[in-house]
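Just so it is clear, A, B, C and D label the chains in written order, and each chain counts residues from 1 on its own.
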Amino acid sequence: MKLRPTTTDAAAANRLTEEITLEGHIIDSWILPKVFDAVMDLGGSFELLEIRVGRRKDETSFARLNVSAESESQLGRILTTLQDHGAVMASQNDVRTEPAPANGVLPDDFYSTTHMPTQVRLGGKWVEVQNTEMDLIITVDREQSLARMVPMADVHQGDAVVVGYNGIRVIPPQRSRHHEVFSFMASEVSSERPKRRVIEELAREMSQTRARGGKILVVAGPAIVHSGAGPYLARMIRAGFVQVLFGGNAIAAHDVESVLLGTSLGVTLRSGQQVEGGHRHHMFAINAVRKAGSLRQAVESGLLREGIMFECIKNNVELVLTGSVRDDGPIPDVILDMAEAQRRMREAVKGVDIALMIATMLHSIATGNMLPASVKVAAVDINPAVVTKLADRGTFQALGLVTDAELFVRELASALGV
Amino acid sequence: MKLRPTTTDAAAANRLTEEITLEGHIIDSWILPKVFDAVMDLGGSFELLEIRVGRRKDETSFARLNVSAESESQLGRILTTLQDHGAVMASQNDVRTEPAPANGVLPDDFYSTTHMPTQVRLGGKWVEVQNTEMDLIITVDREQSLARMVPMADVHQGDAVVVGYNGIRVIPPQRSRHHEVFSFMASEVSSERPKRRVIEELAREMSQTRARGGKILVVAGPAIVHSGAGPYLARMIRAGFVQVLFGGNAIAAHDVESVLLGTSLGVTLRSGQQVEGGHRHHMFAINAVRKAGSLRQAVESGLLREGIMFECIKNNVELVLTGSVRDDGPIPDVILDMAEAQRRMREAVKGVDIALMIATMLHSIATGNMLPASVKVAAVDINPAVVTKLADRGTFQALGLVTDAELFVRELASALGV
Amino acid sequence: MKLRPTTTDAAAANRLTEEITLEGHIIDSWILPKVFDAVMDLGGSFELLEIRVGRRKDETSFARLNVSAESESQLGRILTTLQDHGAVMASQNDVRTEPAPANGVLPDDFYSTTHMPTQVRLGGKWVEVQNTEMDLIITVDREQSLARMVPMADVHQGDAVVVGYNGIRVIPPQRSRHHEVFSFMASEVSSERPKRRVIEELAREMSQTRARGGKILVVAGPAIVHSGAGPYLARMIRAGFVQVLFGGNAIAAHDVESVLLGTSLGVTLRSGQQVEGGHRHHMFAINAVRKAGSLRQAVESGLLREGIMFECIKNNVELVLTGSVRDDGPIPDVILDMAEAQRRMREAVKGVDIALMIATMLHSIATGNMLPASVKVAAVDINPAVVTKLADRGTFQALGLVTDAELFVRELASALGV
Amino acid sequence: MKLRPTTTDAAAANRLTEEITLEGHIIDSWILPKVFDAVMDLGGSFELLEIRVGRRKDETSFARLNVSAESESQLGRILTTLQDHGAVMASQNDVRTEPAPANGVLPDDFYSTTHMPTQVRLGGKWVEVQNTEMDLIITVDREQSLARMVPMADVHQGDAVVVGYNGIRVIPPQRSRHHEVFSFMASEVSSERPKRRVIEELAREMSQTRARGGKILVVAGPAIVHSGAGPYLARMIRAGFVQVLFGGNAIAAHDVESVLLGTSLGVTLRSGQQVEGGHRHHMFAINAVRKAGSLRQAVESGLLREGIMFECIKNNVELVLTGSVRDDGPIPDVILDMAEAQRRMREAVKGVDIALMIATMLHSIATGNMLPASVKVAAVDINPAVVTKLADRGTFQALGLVTDAELFVRELASALGV
């Protein structure tokens, strides 16, 4: 069906207008109402030129709109926002770039990326942008017809940085019609809902990923060790369910403390009793590793014979320990330079299929920012506010679980058969 | 050793003074410093007349003090407070009483009880007060030499109500020197601490209690059913680990919903998926029981063939379902009159050894208020503020666990071998 | 534009089919995608017969669908669910009823209400259903052409109870295009977002409501008194910003305690210091009111000269205090019978324009269940889980604020100029 | 009074024994019972040789004990623990040291510090240890008779590191008898308690500190800006109530975003409305500062004309912005090397009188670890678990407030008269 073009506004004559198209499950995935909202919220107006509604669950829909605004900058804001929902300019212009004015400094009108697959139009052709990460910028090599996302700090003076909204196409994930463990629509599973089946499905996804040689990332907080669930995570690593592990100084120090002294934060893991004076134990553990030289040397020298760190090293898990300003010691393997830490994490997340974030807000948010929307993310924390923050990624691939990390890790290990 | 009496205050001559004694693990159990604090906080002064400090862990200590205040009412406030810590008046007077001025109304100076064992002095003899519950009052039958704690509302005009502080002896629990699961000093086990051993010890205590024919009370919130842990609680009941069950309309309605329709709050327990329109399911469940007449009739007619309610009825568990203003329906067995509900609960808690409170603040606080300090209480909730409230009973018999009720019930059932 | 009817399923011939229509801001308010979802989630299929999409923000849209299912009961489930989104059967049949089989018992196929305005078709005419409340049922008086929502427990044997889905029309609230304080789309304002402007807008709404003689309901938890914010709520009552007040025994007892003794829960409100032995203060306060006879008599006798209760009585605020199983005393005005308590609350919420729920989960949920969707609801609690529960009413009229009740009440009082 | 020495254990002959003394408010401050606990928890035994109990609130007490254990290492653990409570060895030996085996590596038996004032015995004299911070080690310069606390990482090979427990004296803070805002005994003020008076007293303490030229540190989380409370903190800085400010990249970036674009996290601070596409705003803000060169240059160039960062720079506040692995950008002033960041923070906390930690766990814990016990610490967060962590410093100088940061900052500013 075709719609007769009708202007939405009498004064539209002297307005700036751009035609856009939307295609896919745009009603089902609530894209069309979001686009209407966005235009109006930003003070623009739209004219629906054409709409075709898919009539069956496997049929896609299509819409063509004129979007108008009163100024170039307003139109730019609207179009940039609509692009996040998959809108494509009908005017098939090439992407625009401007040179970076200095190292680590961007031209004013720079385009800031989403975590969704993105294409730019170079020489009339759509080119896939390499790497996918939120809040980066895109630099272009026109000669090689290459585009990639880079962090602001890594831009060099003169780099061709994408600006404006022309020639950019974002491909938002579309809503799956069949239920999956990771398709809870970016909302969380409250502690009052059944989590057992979710844990079993997560275990199934992890098993399938392991079976096909995929990559599973675990971002692990120290509460896993404090609560006595460390040995279960260690078993998961030994059984091949973890390819990359992110953490901080605390999980490494307390894992070593638990192996060498049987305590974590000075609490005996066997009995749950606080050891008088035990708050010093982590200092002894850290000193022991410093004396050995590194975690790897502590393993090789026989000092470390079990635990999460031991299993990572023995099983060639990519271990990235990043520091923070609250660290004691630290363990020598901990990266103290945050720019370097981010580079190492960015490198390590490449190719990750599933990311499990357990009881650590800082490292989880850092990781979440680096993950493309296509990665399945499960965020586990006992604090609902933390889970909401982590699971709220504007995607259908995030699963938030408000639950106890200790019991979760044990149930997951059991569901994985380790 | 004897101390030379020294006045703490030059103006003590015209002060009101009372001699008290303290005996037991008064240093170990931090009773002596608390008594010093209380006197000073309330504006009084004290004179330490005698102190004997136990020199080994099994030796008790003893202290004798003069407590002074500037007015009779101030002295009364101080002595009443010290009594809660076990202070006994050296002046061995009988307890004083006054007649209640009207039904449900108390004389002004009434003594309000603690949840600790209490004695009153009648005709020169210390008499055990029957029933032990906080915030009740004591009525005395001098002829029969009887005293018992009763709720304010159950006092009749003319009843002899204990007033003042004379002739009252409270026996505070003393701190055990060996570690027990219920001796975490009224503080809670945070979600970051190991809870597994605690759950195992709790299971051991419950097994011992079952073995010697003791009485275990479970106060159960509906989240147990919503989260899919209902079948595990049902198994615990069937295996004889529950003698009394307290709950509200919600746990009964959703348990029946889960049995008849496979959902709770409209969420399929098998898959965790929300059923469209399923929020009406509990109405159908409630109506089904109302049609049967009662939960017992629903069991006998074969409508209910499993679940928490079914097991309670089949295994003669004392089931007290108390209503609240938010109830739908309700299920016919739910007691709608709150005075009657409290009477039924009071009756049912008699003789309880262990009370397990899981994911319900309202019913847990109601129950906690009724329990003597000697009952071992485990309070489980994912919200630390709720656990703090429930575990903070001024006793060494309360254990608070900040954790996920679903996973807790499953782990406990597994530790109990059911 | 007209669509050529296309069957979504080859086997549709032997399926049961019903034609429905949807009208209004069905794209904007995300009604159409929700309807598509619901049909597919419940295993049905649909055929889009006609769609007209509003092209400007003030234009409504229209859709006509055939919905098919494989059984009568499946179709019933689907249609009942679609009705909640405003779907109307194209077949204009009268509503069906069946007699209640016994007092308080419903026919099996009873229709359970939403909190949205509802009409039933009687003798070919759409009749407004009186009272609007969720989870009730509809009884019909065909002779008088009357229909009203009643609680299950109030149904009498033989009453004509609405069953099935024919002849029922639900009018869902539609999303307002301009931003309002109560249009945060049923989601909450986290503690990290600016709440000041929200409080100011709430104050403006309350002032307008007072100015036009509207009705404001406050559901108040005892933490208002414990935290020292009681005098600010009292001022709001005195200034005419509260017409109805719901609470429990605790807020009444602690308000009286604060007036008579200067403490709440035994904590001095002036200094925040715990008074030793002060946990008994509320018992003295309760006894004082019991002695006076009632709160009104306590005011009239001069015992109570200020506070929340005092202001309610002096300013003819409709005060409904409902009991719970955890109550001490109670204060004589507290309703102990939950059926009676619900009746009194139901009566009192009639005509309420704004409901403010502050720091009380039990009474707030009870109240929320009774409120039509058209009432503007603000729910305030420091626990995000509570706010989510209260604000999640499937409507655009609920505003959840995760914040501190004490500071909220003070800021609101200041914004109201009291 | 003198006690006749009595052995607590028949087998004491072949035990290792050490005599210790305790002096001060050791009953009042609960030090004596804690010492008894610690000895027994660690498997030792004690013999009370002498006790003198202060009889008035201003009289100190004294105790002399023999502490015994079965091995040297057990005795060492016990004595080290008792030292934290102020125990002093009767055997007046000098402190022992061993040379550090390598840079950043400690001898095995190193002494790990508390955050309390500490002395070491050098050449028969007690020498004050410079700097006071928890979990550091002590190095000694015998020639100069100097001792200071240093972080593990800053130890050089050959440094004389204190080991064992001889010749070490810790001076624990003693409990003040009069109530102060910072003497809530390391427990927190729950959201249900009155916080207004606490805020007023905090304001008074801050005013006195400013008046006498003292030093106030604010550790500030980005929620202060997100919630719209930034201008109030800015006013406090301008009025001289902040001498040191710690934060991360987020508070700087969002403060600049709020000044340049009127939003924080893309939410308009004036209306609380989310701006479509506004999540990119912080990237523009960061780029603007990078372009200017630094925050100072942004102020000097006139780009920044108000806000928290502006006021810090204009008023010569010591501003330490420390990075984390989750940072975007970052703002050029943010320190990316965590070792350097800690050094800068350590330098800046010297001489701080009051530390206010508002809505930031990471930076607050980092700061808390660096503060001597004598610094008054107020920790404010809406999450009770965070407040418990921050306020639990084993001291009487910490005050935890569970409340809303936005409303807290506004009330504090108002109480400060700014």
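By our rule, a residue touches a chain if its C-beta (ideal position, glycine included) is under 8 Å from a C-beta of that chain, and two chains touch if they have at least 3 such contacts.
Source: prediction; values computed, not measured.
The contact pattern of B-C recurs in A-D, the pair among C-D, B-D or A-D where over half of the contact pairs coincide by residue number. The pair with more inter-chain C-beta contacts, choosing from A-D and A-B, is A-D. Of all chains, A has its CA centroid at the greatest distance from the CA centroid of subunit B. Spacing of subunit A relative to subunit C, judged by their CA centroids, is 38 angstrom. Our note on geometry: subunit A versus subunit D, Cα centroid distance of 34 Å, whole angstroms.
Rounded to whole angstrom units, the spacing between the C-alpha centres of subunit A and subunit B is 47.
Shared interface positions of subunit B, defined as residues touching 2 or more other chains, are 37, 385. Across the interface of their complex, subunit B is touched by residues 37-38, 41-42, 77-78, 80-81, 84, 101-102, 104-106, 108, 110, 112, 135, 152-153, 275-277, 280, 283, 286-287, 290-291, 322-330, 336-339, 341-342, 345, 361-363, 365-366, 369, 383, 385 of subunit C.
Partner subunit C is touched in their complex by these residues of subunit A: 1-3, 6, 8, 27-30, 32-33, 36-37, 40, 45-48, 51, 53, 55-57, 177, 190, 384-385, 388. Residues 179, 189, 191-198, 223, 226-228, 267, 269-273, 359, 382, 402-408, 410-411 of subunit C are the ones that touch subunit D when the two sit in their complex.
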